[in-house]
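Across the two complexes that follow, chain A remains constant while its partner is chain B and subsequently chain C.
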Partner chain A sequence: MDAEKDNANPTIINPSDLPSRRREAPTKKQPRIFDSLAPAYPSLADPLSSPEASDSDSEEEAREEIDEQEVYDLISTISDPEHPLSLGSLGVVTLDDIAIKGPTSPRSRIIIGLGVKVRLLNCLPPRFRIDVRIKEGTSNTADEVNKQLGDKERVAAAMENRNLINVVNTMLATCE
Partner chain B sequence: MSDIQLYLLEVDKNKPEAQSTAARSASKLEHKELKLIDLITSLEDYINNKDDAALRAKSVAYLADVLEAVPPKVLTGQERRLLCDFILGRLEGDSEGIGASARVLTALEERGKWDPETVQRVTKTFLDHASPLKDHKLQTDRFAVIQLFDRLLEKYRAPLHELHTSDPEFLAKFIYFFDGEKDPRNLMVVFSILHVPMTEWDISSNAQDLFEAAFNYFPITFKPPPDDPYGISAQDLKDRLRDCIAANSQFAPFAFPALLDKLDSTSMNTKRDVLHTIQSCVVSYDIKTINIYAITLWDALKFEILNVQEEDLAEGALKALALMAGKFALQEGFLNAYTRPIMKECNQHLEDAPTKQSTATGRILYALASSATPVADKVVKGIFPNLFTLYQASESLTKRRGLLEVFNEVVRAYLDRFRLQPKLNLEGLIEYGRDALGVMLRVLTNAPKAEVSLRLTALSGIAQLVALRGLLTEDQGYRAVDAVTEIVLHEQVPGHGDIRSQAIKTLAEMARTAPDAIRNQAIPAFMVELPDSPAGDSSYLSVLEAFAQLSSEQQVFDTVVLRLKNKYNVANAQGASEEYQQAMLLAILYAFTHGSPMPDEEGVIRGNYFAEYVEPFSSTIIQPLQAGLDQKFVDIVGRLCNAILRQQGVHFQSQVYNKNLDSMAAIRNDTTRSSAHTAPFTLYYYASLRPDVVEAEDIIALLQTQAKLALDTKDHETLPVVLQHISLLINKFINAKAMQATLQSAELEVEALLSAVSPPPNSIGVAFAVTKALLIQGKSSALTSEYLQLLLQLLSSPDGKSVAKRFTSLLAPEEILTKENHCQVSGLYKQKTFSRLVPSLAAAVRSAEPSTKPNYLIALSGILRWLPYSMLSTSLPSLTPPLLQTLDLSSPADQEPKASTLTIFESVLMHDPDTIAEHTASLVTRLLNCTAAPANIAKVRAKSLQCLALVPKQLKREAVVPYRRQVVKKLMACLDDGKREVRAEGVRCRSAWLGLDDVEEDGEED
Partner chain C sequence: MPSITSLATFTPSCNARAWLTSPHPHLPIVATACSDKTVRIYSTQNFQQQSTISGGHKRSIRSCAWRPNSVGESVLATGSFDASAGIWRRWEDGAGKGKANAEIDFTSGLAGGDADKDDEDEDEWKFAVILDGHDSEIKSLAFSPTSPLLATCSRDKSVWIWEELDEDNFETVAVLQDHEGDVKCVAWHPGEELLASASYDDNVRLWREDVDDWACCTLLTGHGGTVWWVEFEGTEMVAKIGGGDVASEEQKALVQQREKAGSRLVSCSDDQSIRVWRKVPKENPDGTPQQRLPSIWKNSNFEEEWVEEARLPSVHERPVLAVSWSRKTGRVASTGSDGKIAVYEERWTGSAANGDVAMGDAPSSDGSAHNGSDAEKQAITEWVVLAEIDNAHDVFEVNHVVWAPRADKGKVHDEEEVLISTGDDGEVRLSIRTQRRWAKQIAHESKTNSASLLAKEVVDSMCKKRRRPYRTADQKAKDNTQSTTKGNRTVLLAQTGWR
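And now, the complex of A and B:
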């Protein structure tokens, strides 16, 4: 059975080497250990002035934009249909291959492309135009696959195929 | 009619009646009203009836029932022998009623011990005339026979063994007799019967038959019926069967091939049984036998580890391998033969590390090395030379990481055993351990910082080597500590992953085995990084945090806190910022609350810390004429005092109390400055004291001052502290009997406080503080209820909303009113508050005017917020409507009640989804409304999405499908929420709803 796979014994990236928001900015907004020395519960005095009521006001305004890391987090947990491993740990999707406001191009075959596409359609707001493409030079059928992934009708048609739906659902089952 | 006739008439219809007939016969025998011979004669027509087998069986059953009812000593030895002969004679010609016959014999044996000849004759009669037992259809019949045999084996082992030694055919007949038994109750006994010859007799000529007699049942697939009255589980059968298979080394030639054959089964349960049985065999069979099969077993077991199907199967195989290694540990020859092929294969798997195989190799080597020192040393010799050759020959950092991971597994095996036996001989590891330290230190310092996993592997390897006390040279220990300290102190720039927090943990661990290195190298290095007076930024904070964490090791605790105090003194003398000085004090506080201070002989924190770490700071607070104290400083010193003083005994506390009595009174009465400045310290100081240490007048005076202060102050920072103080004094020091009088004298009586038409906020605050103290004390029930009612009445006042918000403080977690602070904490106060407040609040919500309704909702959610879910789950039917209404609160200030209500709905959806099913429509709508920004804060939006995600998972599909389209559509907005955390919840929630219906896959994209 293993022999049928393109790569039966793939290199697996160690989880601690995968890109994560924490790693990107470890010092940002980490809770400080001394903060726990004085817990903030509602006090007997006017609760409006208690610490917990006022903590989120200032942060409430600041918007956190959707960035490459967030898209990566959305799709890196998709399972490869052949290996019980995530696309992130197999290096199928990398942070570098994701671009906001530019053509995106995760390297993948049609089914992975489809899974990524469905995941992003489900998870990103509609103002995003989602462009999933095979990375150049990684597949000799790239043009054909890109055409299919780019064609809304064909993606919709693909998602009416029971078998394909099942495969894609299995892939997405590992996403949180 | 004779007894036998009556019995036969009833036995099929009315068993108890038949048995009482038998009992009557027994009683007649006992009282000599009936002779045994007449009883037997009366049976004649029935017991010998040629045409009716059932009738014959029932007649024997009558005899069995009679004999079982006969008291001991009624029958003479001769009568018993006669009956025995009679039954055995019958059996030779007619095995009908075999169960009853066995019961007769059992009853006879119970009434008089048998001689060896009788035992042997009984045994032979059954084996010769009733074999195999399976031909007898009734389970109860067979059970009676099996029990008889079990009894014989228990009491007459020698005569039975003699049958075996004198008759070469006996054992075969014995085995055949039980062949084919299928009933689980019978099998339980059969297994234990067979276990006797298996373990005690010479079975060489029958080994295979005996083995198969048990193994035929492998694997046990029995499932007990529901409500099984016998309570036999599959596990019981498995355990006994396993004991049989492992009973005798002579089974090995049959057992191992058969077991390994079944290891290829597709059933995980079968494989699980096989692995457990192999483990038992390895333990029980003798070492020479295991030696013969060791390699065969390795060749089969390894696949379970290299290609893990189920984690517990891999663990089972690893355990079997380890048991074998342990068995061979003291037999060099066997051990070599066993480990040679394993080492060879493991070395091959290291070639292309890291792979699944190399990870499995690490597990195998860990399992072997954990079994015994000689095996561990063998692993070191067999693997490490090759491992380090591969390491040096490879340029690939990934490969190096894979190899170090395997190395760490072997060392972990040493470490796990070392922790159990500190005298463990580490000699076998010394050479490679010391070399490896150098290798891993180079990785830690020289490898690119982006190689997080490699560096983490090296770090954990170093930590393990240091933990093996005595393995490294002293110099190496210092170098290890240096390298890790270096990471903690200097790797703070973004992009280096998680290594720093791991390094801090490692350093604290190293303090256990290398305290000198920590004291002499790490701590001075930390001190260098902490300026006497920092310039501006707070970058010192992460150094300080790391440093404080070293206090978790007792051996370096004193050094850590002393250095911190010295640094504080320098900073203070140099006029460093308040913030910096306080950070130093917080670090000391962290050490005392989260670290491991030295205990005294009684196990409590040492008292002299008080003089060293509290008094130098508290003296500046208690001193009269000390002006301009920072309240944060006072607070920290108070907490420090609390951490050290509250654990001390009465004697120590009394000394402290009496020494400070005058100055505490002086600062209390000092009107020239605001007592606000000292309030937090006084609070923690009195929180530390045991009730029997203080003087009553002092407390009353203090209570009066605090009351006055609370009612007069306009200082928002001081008020909460003073209110806590009032609660503390009332709860801990005031006796319930004197409560009302004391409250009156201190002007703290709640009715009086609230008597004004519109009571001032300070009075309301004090009223809550007093009520809370009583509530937790739990001793003045009537007064507490009265006060709570007064507070409830305020909810309909014009100022009701601010009162409503205070309700949440009643049950909020307490830092001060705790048992550790010697307060009176009733075990039931939460239940009592629930029953006093929640029903009336829920009722008030129903009848309230729209203008005051939010007040009741807010008060209600403030109370429910702190209750364990189990307490409110029974009241859900009446609570659900008000809780749903709470989600409608629209004022931006009402976010907290919404958040806590959502938490309750989350629990309801998890634990009792059925109770909320009827409200699905309104719940879904309200949850969706709560996801809207900016009307809701991020916390509320995220929580409502979590709840909403539970809806399709926890409620019935048909109940939620109608909402799918609406929800999926509305959630689109959450995917573009301003907060990342909310978006992530939105994605989860939407996936949950999309997953509801995969038939019509997602038409939402246009």
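And now, the complex of A and C:
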């Protein structure tokens, strides 16, 4: 376990080079010529748009859309439990596949998985089911870790364990 | 297809995840194990909370179970993530006549009052014993219906059997450590001292007492993931197959085989399947079958053979967390992480009642339609989905479902049953299976509709109020969107959204 425990020289990515939706926002905001012709869907924040008023066709659009970028944004700022850096800047989390890979020990892997799961459980609406799995081929303990992370009873019990709560809270402290 | 309709939500509900609800063996109340370290006792007559049990556990209460055959007194066992089990007692209303129970305070009464802030009333539940022994979270516990035994199981991979020697004096009679992972569920056979356990190691084990020691007599393998729940078939329902009378020789033979085998076992798993297991009765040395009566076999050797007899139709798209096998109808209900509840029934293959037809509680009988080919014995019956509901707890996962006798004023007959489901939203809901014409009429209820509304005329008046005049199948799916208030903002949630 010790041999695998740590990568002394992880590739560090400058946080400002990491992908993020926020920097893209301004370009997306630029009004396009036909925007005014497009029908406006009721905004979630709009207190006047009651659910009753929306007919079934617009319900799909009115739902908050969540994509890989959002998941990435939610979890990339989590701190690695063994490095003073975020998962994003360590390259542990990449936008391409939202997969978790080295440089971590097996125990760390499960704690990172737990941190990711807790972060997503806390941030995403309850209609989402969160399946956190280790990317295939990156760990020989993947099945075991995946099974633990998929067990809602174990995750619930872990979140009542003071030590684990502290570790996860420390990891999530760097998130907004 | 007939539908399942949510009739009421018990109030007030827990603000955190609720794990399991256990119906009282004879009173119209249920106990709900909550992650806020309490057990809430609700009435199935008016859907209101009667009392709360709190203060005994340091972590989530994962499971609770009523002791059967406790006359005049209710005894509840609680199993917690704090690794301990608690035994709680309360005298039943109007009971205790002729009993010496000077210390018990009757003044608070059983009727319960305004449940919101009755912390003061709660001393009516007496914390009697704490059972320590497990190394980690207790996941499930169950009282034996035939002997003074309590089984508990834990993440520490063990099953413990406790014997109640006399009141509040429990002794450990067995610590069973054959499982290789968390033990998720324990369940007793309804008529024998036979215990089943389900585990994170994907297996089910059956345990009996052999001379003086409890030991594993059967290992059931096959599930491709954690087995979350096991339950035996009610003794009265053995060999009762729906959809018609026993007519053909084949059917008679199957009934005989079932009677010999006795109660079957149902299990459900992370692999999304629900399986039925049957005992293979041993033959006498001369090759003739043993006597038919299921209750009297004595095995010369200890090990038993059980086989997977059937798989229920695939309905769930996420782990199946609980199943309940009705002792009154033989129907199985299931629920799980996908938020669905489904009800299944075993029928003679080819019986006219099969398929998507409207049906009452007594299926039409036409057992003779069976075609008589010499297919395998198991193929002459099949499990069909009788009814299902998506998003039984809105967008939340449903952790548990159980059949219970109906007790509210909408009850039509004495044998009527309801489904009680327990969800991650902290809610406990009561549902009934409705016939097709009702299913079309009854709009899925919002949380604000509780209690009352059970009689047909109330249902009719509801129909006038519902938003959409008529729901076709695809409208129904879209229909499920509703608004839910969470925190300070109102969010529009599509119930079908997680897919």
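Just so it is clear, the second predicted complex is superposed on the first by the 119 of 176 C-alpha atoms of A that agree within 3 Å, B and C clash if a C-alpha of one lies under 4 Å from a C-alpha of the other, contacts with A are read in each partner's own complex, and residues count from 1 in each chain.
The rule is simple: a residue touches a chain if its C-beta (ideal position, glycine included) is under 8 Å from a C-beta of that chain, and two chains touch if they have at least 3 such contacts.
Given the structure is predicted, the values throughout are model-derived calculations rather than measurements.
In the superposition on chain A, A:P125 makes contact with both chain B and chain C. In the superposed pair of complexes, A:C175 makes contact with chain B only, with no contact to chain C. Look at A:E144: by the touch rule set out above, it reaches neither chain B nor chain C.
Residue contacts after overlaying the shared chain place A:E160 against chain B and chain C alike. Set against each other, chain B and chain C differ in how many residues of chain A they touch, and the higher count belongs to B. The residues of chain A shared by its contacts with chain B and with chain C are 44-45, 47, 50, 52, 56, 59-60, 62-64, 125-127, 152, 156, 160. On the side of chain A, the complex with chain B involves touching residues 9, 11-12, 14-17, 22-28, 32-34, 37-39, 41-50, 52-53, 56, 59-60, 62-64, 66, 70, 73-74, 118, 121-127, 152, 156, 159-160, 165, 169, 172, 175-176.
Residues of chain C that touch chain A in their complex: 17, 35, 59-60, 62, 81, 136-137, 139, 155, 182, 184, 200, 225-226, 270, 318-319, 337-338, 395-397, 424-425, 467, 475, 478-479, 481-483, 489-495, 497-498.
Considering their complex, residues 44-45, 47, 50-52, 54, 56, 59-60, 62-64, 125-129, 147, 150-154, 156-157, 160 of chain A touch chain C.
Considering their complex, residues 354-356, 398, 401, 451-453, 456, 492, 494-498, 500, 541-542, 545, 548-549, 583, 586-587, 589-590, 593, 635, 639, 716, 719-720, 723-724, 727, 761, 765, 768-769, 772, 802, 805-806, 808-809, 812-815, 862, 893, 896, 934, 937-939, 972-973, 975-976, 978-980, 983-984, 987-988, 990-991, 994-995, 998, 1001-1002, 1005 of chain B touch chain A.
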